[in-house]
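Note that the chains take the letters A, B, C and D in the order they are written out, and that residue 1 is the start of every chain.
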Amino acid sequence: MHVGLEHYLTVSFLLFALGLLGVIMRRNLIVIYMSLELMLNAANLALVAFSRFNDKLDGQVLVFFIITVAAAEVSVGLALIVALYRRRQSAHVEDLTSMKL
Amino acid sequence: MPISILTYIFCAPLLAALALVVVPRNYRVIIRFIALLGTFVSMVLAIKMFCQFVPGHDGFQFEQQIPWVNSLGISYHVGVDGLNVGLILMGAIVAFAAACCSWEIQTREKEFYILLLIMSGGILGAFASLDLFFFYALHEFALVPTFIMIGIWGRGERKNYATFQITIYLSIGALIALIGLIALYLQSGANTFDIPKIIEHVKANPIATNAQNFIFPLLLFGFGILVSLWPFHSWAPLGYGSAPAPTAMIHAGILKKFGLYGLTRIALPLMPQAAHHWMTILAWLCLGNILYVGWVAMRQRDLNLLIGNSSVAHMGFIFLGIASLNLIGITGAVFIMVAHGFLAALTFGLSGYIYQKTGTLEMSELGGLCRKLRFIGTALLMAAMAGCGLPGFANFVGEVSVFFASWTVFPVVTILAVWGALVIGGIYMTRAVRKILHGPLPEKYANVADATNVWRKLPYALLLASLFVFGCFPKLLTNQITPDATKIVSMTTLITAKPNMVAVSEIQSPKSENRN
Amino acid sequence: MELADILFYVFAALTLLCGVLVIANPFSRNPVTSAMFLVLTIISMAGLFVLLHAFFLAAVQILVYAGAVIVLFLFVIMLLDLKEEERRKIKFFGVAAGLISVGAILGIFLKNLHATNLNAQSSPSIEGDTAALGKLLFANYVLPFEVVSVLLLVAMIGVILLSKKKLD
Amino acid sequence: MKHELFPWLILFLPIFAAATITLFTLRSRCCSAFLSIGAIVAGFILSILFIHANGIHFAGEISKTWLSIGNLQIDFGLKLDALSMMMLLIVTGVGGAIHIYSVGYMHEDAGFSRFFAKLSLFTFSMLGIVLANNFIEMFIFWELVGVSSYLLIGFWFEKPSAGDAAKKAFIVNRLGDFGFLLGILMIWGILGSLNFAALQNSITANPVALGTAATIAGLLIFCGAVGKSAQFPLHVWLPDAMEGPTPVSALIHAATMVAAGVYMLCRIFFLLNADALHVIAYIGGFTALLAALIAVQQNDIKRIIAYSTLSQLGYMVMAVGLNGPTAAMFHLTTHAFFKALLFLAAGSVIIGMHHEQDIWHMGNLRKKMPITFWTFLIGALALSGIPPFAGFYSKDSILAQCLEQKNYLLFGVAIFIAGLTAFYTFRLFFVVFTGKEKTDHAKHAHESPLVMTLPLVVLAVFAAVGGFIGITNNYGSQFVADHETLSVAQQFLEPLHTPVPMLIGIGVALIGIFIAFSLYKNATSDPLPAKLGGLATAMKNKFYFDELYEATFVRAHDFIAAVMDWIDRWLLEGFSIGLVRGGTDLTGRALRLLQTGNLQTYAFLFVLGMAVVLWLVLK
């Protein structure tokens, strides 16, 4: 079978699903963050695939921006985690329930 | 297009509110001056507009339209005709009076005046708007400060409860009305929020009866809650009882008329069949306002609760006028809207003064105040008399027209309503006067001071004068209302039922021949 | 089957396998392991990018992600001195929730993938090389590009502020 | 019509005076009194000039549109005919005398200016009723009379009893107005007009135009008169109204308020059919009897006169009901003279006695207050119907009317009342003016100043000669088209045409006076209760009507109010609001369970929400 758009999309989706599972199931903040990266990458893959098969380069530009923003996000996010850890001495989600009333 | 005078009228308070934001909070005199100036300008312009208004002019006057969101058909559109010209005049005068009465506020004056100005400007804008979007949005803009003001500057132990109740009730009412208005927008198919255009469109393509029967009750009860239609009235007495006097003046005087105005302006002409269908129910419901709430008012021991209940009872007459769906009724209803605005503002202003001076409104503790408070006492007596429909005050004209109108349609309801107006109203008003103004003066009030300063007297004198002018010369207002009320009535095409008496009179009466 | 197709299956399998190992490694619960598998995922995905003729992005992917982001992760892990976490009991709720959400999304995805005719084939004309992308970036997307640069600056300042021991 | 401006001036001068006093001259007693008296005296002079210029049988109407909505047309008009012009003279004339008298009576009161402002307002309202040319205009002034009486009765508002009496008068009047307004609505609903002339035309053109509604409409409108003229069952407010200053009582009782009801009945006489008239006649007769009986056992000088007013009003209403509006108006006119006289004389006594009102504290005032004594005597004789005083003529015409209508029951009642009237009037007279002084106050009583005695004398003259100055003539033109015009001499001998009622009337009056003389000539306490037993107690307590109403009407309203308030507080506000609030609270608590604070739960919900949105969008 010739590899087409749907194959790439399927891979992208599965990767996304893996990221989602990670976010919901894992309790280590760092790992959750990695799972988020997985989801972003899944989106990137879908965009590049669309760009390729729709014969337009704009998708790739978008991916470029996503990577940039992801870099910024990771830096801020990790800084937050560090700050949080300093205060709570824990990087576990279950220990961080101050949003509850 | 030149800027309409209406824009100036409702923007003047809003601009004053904006100006107040930058005034430091300890410049009390300046804050007060700006607030008074804003409302005063608005009042003067409104009086000018009222004088220049040409009755019976085709279409709207002082119109101004600026397109805003073309895809939805929203535009800034203001204009007046007979239905709202009186309301705007009343609103501007009451707003000025309320600003004058605000001297009783001692804490956070700046915020209070800002909110007060927003309230007045917003509601005046809502009355002037001919666009559904602005009509609704500006009213909400005026409504929200009410809640805040009751919550912060309110009085009494049940202040918080009153705030919650009024907030929940009025928000729900406004929400139901909003649903109705959106449904109306979609169902009319005119794809515009412009009220005149929708009316034109609906004239050619009436809204389907099913849709009418669905939308009309939404508007009726949505607006009805805003106007304290029985049995959705219990927010009103308590809310007004807890509100600071200026807030109660503006809300009971002006804001409450919004729902009624919406009913007459929008619901009646656009949905005539449903209107006819619902009017009998409305007529009986308004008895709840007139009789039931009248009785409740008789039981009140607190002056503000009594006034609040009587204000709810007065709404019944307006509803009765609307329910009779004929020219006299609609005109009478609009007339009472204006008259009651002045009256409600006057009574709440006076009770605010008494509260300020005596520290209580519990009627059993007061008494004999007429001796000390010459001016305020006389004004309160007049207000009480106007409240029970004394001729010479504007309310009488409206009420009697409403009775004439409803007599032909709902004779039984009218009989009970007349009982409510003349007897029950008379009882609770004279009881209140007896308890507060008459009788011996308690020792502790020996030093209560009357309003001697012109500024203190001004708001009350202004409101009383307005009541007098329209009560003695009702043609000033009815001439302006009638041509446009005729249009509204002609939109409700069905012929209203004739009184049974006509049929009866055909029968020959042998006894009446004996008379000599 | 062409070479490109074979390579696709290889890279795709590698990506997914490493992805699974990032989130659930049966042998190690150490975050460092997860990070290393994340590097692998990203590298194999760069392979997929190459297959899609997105050469520039493939390079950027490796440079930025594998080179910078993952390093950052590792630094943080080491900074926090995270030990291998003790095996907590797997919460039934977490698993169920994850499965339900994935199932829901999967259902929608499959339904729509099935329903739509994608009708797209690879077009050799498009080449995601540096020159083409650069032209597009500096011609059509110059404003977003500049905005993103500001964003990076803001992020940098934010991180510095957050990392200070005391805000004063 | 000559001097078209005059009626407007007559009507509006008093309200102008009232407004000026209230706004500007509250501090200047002199100016206030001058304005108020000036307005009403000017009104009197203008009325005379107007009648002189136009003739008493003139009929005309001036009308301006007051309110016009669709087919509701309400004019503000002045109806000028014999009826209204004579009433103008009475109101301004008698009222003017009372105004002047008030200067003396209220001399020491702090609220002097306020009093005159209210007096002028009252005059204005009454003139409005007199001149009204349509129902709503009449109703407007009707209500204004109600409120001005409220203000005047409650003039000494610091006395709780005055406040209560004012409130009572207002509410009882409102009950009557309720019927009045409904009657107006009914007539407008059928005939489509409110103007008296237009209504009369349509009734003349088609006597059955009102159909079966005629009786109901007539009785409803009569309700208004029942309230204002204090007929049974709404008579209870009038005696309490004595709480006001004495000039007010005189004004209310003689020339203005209570006369309004009878005047209104005459004005709308054309609307009343035989059934309605029947009811009116019996209510009038019953009121007259009831009030006369109560008057026999009262001890307050003003209350006795008040009940006599009630009784005489019953007479007038009965006369209207017996198809004799001319007789009724005639009696109204003469009654205005002698009742004003009696009240003012009583006021003079009260001032002389330093605000003592109990007749058993007085006695032998004949010597101390000669002018008051003589004028009171004239008034009493007139009230008792002794010829040739005014009351004799009018009372005789009513008695004759009874006979003419062959209503022997009411004739008998009327005769009995005539005797009772003479009895209680002279009971009062003998106890107050003859015998011994019963207290120190009575010993030190003094005659009132000239400003008070002068109106007494003027009124006494009218009470003496008012009966034969041709008033019947003038009213006759109002109701009978081909009335005969009599000279003064013929008028003087008019009762001789009907000798039976005349003789019986004079006879019972003399008997009444004689009994009073024999019982009270030198009595120091009332000998009657011992003789009458329980009946006297019932009379003294006004046949327990106040208590009855207290137990029924007031209780019923208070009870309903309590029930409604309970519903409002507990069902509407408590239950439904509580339900809404409880429901909201519960929902809130339930939803709060979802807020675990766990990041992953939120993520899960977020994904679910997103899935739903996607599903909806991609469907």
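Quick notes on this structure:
By definition in this document, contacts are C-beta pairs under 8 Å (C-beta built on N, C-alpha and C of every residue); 3 or more make two chains touch, one makes a residue touch a chain.
Since the structure is predicted, the reported quantities are computational estimates derived from the model, not experimental observations.
Among the remaining chains, the Cα-based centre furthest from that of subunit C is the centre of D.
Nearest to the common centre of all protein CA atoms is the CA centroid of chain B.
Spacing of subunit C relative to subunit D, judged by their CA centroids, is 97 angstrom. Subunit A and subunit D, compared by their mean Cα positions, are separated by 92 Å. Averaged C-alpha coordinates put the centre of subunit B at 36 Å from the centre of subunit D. Rounded to whole angstrom units, the spacing between the C-alpha centres of subunit A and subunit B is 58. Counting partners per residue, subunit A has 20, 24-25, 27 as the residues that reach two or more other chains. Multi-chain contact residues of subunit C (touching two or more other chains) are listed as 94, 97-98, 101, 105.
Contacting chain pairs in the structure are A-C, A-D, B-D, C-D.
Only residues 1-11, 13-22, 24-28, 30-31, 33-35, 37-38, 41, 44-45, 48-49, 51-58, 60-61, 63-65, 67-76, 78-83, 85, 91-92 of subunit A touch subunit C when the two sit together in their complex. Taken in their complex, subunit C has these residues touching subunit D: 94, 97-98, 100-101, 104-105, 108, 111-112. Within the complex formed with subunit D, the subunit B residues making contact are 164-165, 168, 231, 233-234, 238, 292-293, 295-296, 298-300, 326-328, 331-332, 368, 370-371, 385, 388-392, 396-397, 400-401, 403-405, 407-408, 411, 414-415, 418-419, 422-424, 426-427, 430-431, 433-434, 437-441, 474-475, 478, 482, 485-486, 499, 501-502, 504-509, 511-516.
Contacts from subunit C toward subunit A in the complex involve residues 4-5, 8-9, 12, 15-16, 19-20, 22-24, 31, 34-35, 38, 41-42, 45, 48-49, 52-54, 56-57, 60-61, 64-65, 68-69, 72-73, 76-77, 79-80, 82, 85, 88, 90, 94-95, 97-99, 101-102, 105-106, 109, 113, 118, 120-123, 125-126, 128, 132-133, 136-137, 140-141, 144, 148, 151-152, 154-156, 158-159, 162-163.
Those residues of subunit A that touch subunit D in the complex are listed here as 20, 23-25, 27, 93-94, 96-101.
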